[in-house]
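First chain written, first letter: the chains are A, B and C, and each begins at residue 1.
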Amino acid sequence: MSERGIQWFRFTAPANFYDLAGRLIPWFAALTVALFGVGLYMGLVVAPSDYQQGDSYRIIYIHVPTAWMGMFLYVLMAVYAAIGLIWRIKIAEIMAKSIAPTGALFTFLALWTGALWGRPTWGVFWVWDARLTSMLLLLFLYLGYMALHAAIDDRQRASNASAVLAMVGVVNVPIIYFSVHWWNTLHQGASITVTEAPTMAMIMFVTLMIMVLAAWMYSIAVVLARARVELLERERTAHWVRERLEGERG
Amino acid sequence: MADREFRAVALAAERGDRRLFDDIDFTLSPGQLLQVSGRNGCGKTSLLRILSGLSRPVAGQVYWGDEPIQSVDGGTGSCLGYLGHQNALKEDLTAEENILIAGGLGGGRPDREAVLAMLASLGLAGYEDLPVRYLSQGQKRRVALARLLLQPRALLILDEPYAALDVQVIDVLRSAIEAHLERKGMIVITTHQAVDIDGDCHKLQLG
Amino acid sequence: MFRPLLALLRRDLTLALRRPQDALTVVGFFVVVVALFPLGIGPDPEFLRSLAPGVLWVAALLAVMLSLERLFSDDYRDGTLEQMLLVPEPLGLLVLTKIFAHWLITGLPLVLISPLLAVQLNLRPDEILILMAALLLGTPILSLIGAIGAALTLGLRGGGVLIALLILPLYAPPLILGAGAVDAVMHGASAQAHLSLLGAMMVFALFATPWATAAAVRIMLD
């Protein structure tokens, strides 16, 4: 970070964001590695086996955090998109766009781990369980958002249009969830519902929370990094970008 | 006709990453005409779309009187009429139907006699009952002009209204424009041709 | 207030009457898709009967979705949609009127032809009645939600495929409720809960979606 960079820091919000994100990313990345390391060690070695499912249950340490992040990031994305659309704040638009791939990745991982978990538990890779089905629809919503963003050439229009879609989607997520849940209970005979162990040992709970935190830290680091690149691209004609790039080169 | 000024303050527009124009200011009073000129691709159409409230400018604001154009009572459509590159005609409807429906959509109670008279004055007598898809480009343009002129709007925004018109029709259009200015209407126009219009005319050069 | 809306409704219906093939294509698609299912899964009447609610609903949903691409695109191409933004009338109401016209042209015929297909799939009269009621409540929801997708893909290359990706996940609730209603009657239960929820969903969609669609139209024409 050059001296000139610090001067610009005071004047322009995008530059401010760019510098701040640049400084924060290494910390979040380090936390991610540390928490994942501790969480995986506790989950795979320290935590005891489940008395019913044996060792296969350990996949919840990945499955549950990814599923939570997938859902939460969609809401967060819609909130940023709405802020960007209503108040025309560029950083919010960029954040919404940057969150989408990470959210989709987590949702996909949740589905993947769910399928892997299903094989030893139910004997099949996929059951039309209410939660898995909702996650699948959520993945489609993410893909639709990203596809629409990519299909529109004009950046501003792409941001605005996909923001409308994200807001429509976030209103629909609870409706989808409840209708799928209802559908599932009505067809109870045909499927099996996922039920976690009614009482969770303390060590399992702590491990789970560490993994959730790790997923958080990862999301923040990756989303900020992606937003930084996107910001550079959008503002490439601005003075502060030239200042930064020359500073980094020299 | 118009009782307020039409103002643009510090307008700027972008296409992709390119600034089309910056700091466009003007004030148009009742009875005045503004001719916007400039090379191809310098943003004439973008400017007209911003003035009509269809697009949002990157910076600046358009005012109708003291109100921003987006918040005019009853929408922008209550004060201005816009003729873009497209004629906005339904190919399957006749010229007469097109105009009557557009009038109804605008909230008016269109008068059939007036429509036929306007079409005749633009040299379209005998073509009223033909679906628009059988008309030539120039004739379609005339139907679109007839529709615009029949709507009582204080401000007319015309994007290349002379395109594809022949000489007689240009004369008719010019006298319609002059009559509109005399009634204290306002006009913003882009055109490639030099047109001599009697009235209070101003020029805006882009690019 | 309502005169402009009536003018728009009359315009869209007139245009549809002058080109009836557009509406007929949608109905034809519905019929053909349903006719293809027995070829794929076998002619066993009992089995077909058990699949009928889902088959009919998925076919109706796809038919509505296919027809949606045309909802705004014709008006977009010839510039009349642009002029609609300049009409002194809330865009949300204009959009709602267009959706209503579109439903009359494409959604209603699907409801009317569905008994014929239901008979082919061995549904009983009381089940057919519920099927029609569910479609009557459900197809407007499909049109209302789909209009958002149609507006968001205006002027895009490959818009039709994109609409499918944007809209189909949102169609899950009406599909579950609509097919579920028929299913419930087939299993001797009451379809009232399903139909009430469908009705509630339609009312919600009726008030909420036109504004989202109007916002999308403004954005895509900006």
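The rule is short, and it goes like this: a residue touches a chain if its C-beta (ideal position, glycine included) is under 8 Å from a C-beta of that chain, and two chains touch if they have at least 3 such contacts.
Keep in mind it's a predicted model, so treat the numbers as computed, not measured.
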item: Chain at the geometric heart of the assembly (C-alpha centres); value: C
item: Chain whose average C-alpha position is farthest from subunit B's own; value: A
item: Distance between the centres, which are taken as Cα means, of subunit C and subunit B, whole angstrom; value: 37
item: Subunit A and subunit B: spacing of chain centres that average the CA atoms, whole Å; value: 48
item: Centre-to-centre distance between subunit C and subunit A (centres being mean Cα positions), rounded to whole Å; value: 33
item: Touching two or more other chains - residues of subunit C; value: 222
item: Of all residues in subunit A, those that touch subunit C in their complex; value: 137, 140-141, 143-144, 147-148, 151-152, 156-157, 160-161, 164-165, 167-169, 171-172, 175-176, 179-180, 182-183, 186
item: In the complex with subunit A, residue positions of subunit C that touch it; value: 148, 152-153, 156-158, 162, 165-166, 168-170, 172-173, 176-177, 180, 183-184, 201, 208-209, 212, 215-216, 219-220, 222
item: Subunit A contact footprint on subunit B (complex, rising order); value: 16-17
item: Footprint of subunit C on subunit B - complex, ascending; value: 52-56, 74-78, 80-82, 84-93, 97, 101-102, 104-107, 109
item: Sites on subunit A touched by subunit B in the complex; value: 154, 236-237
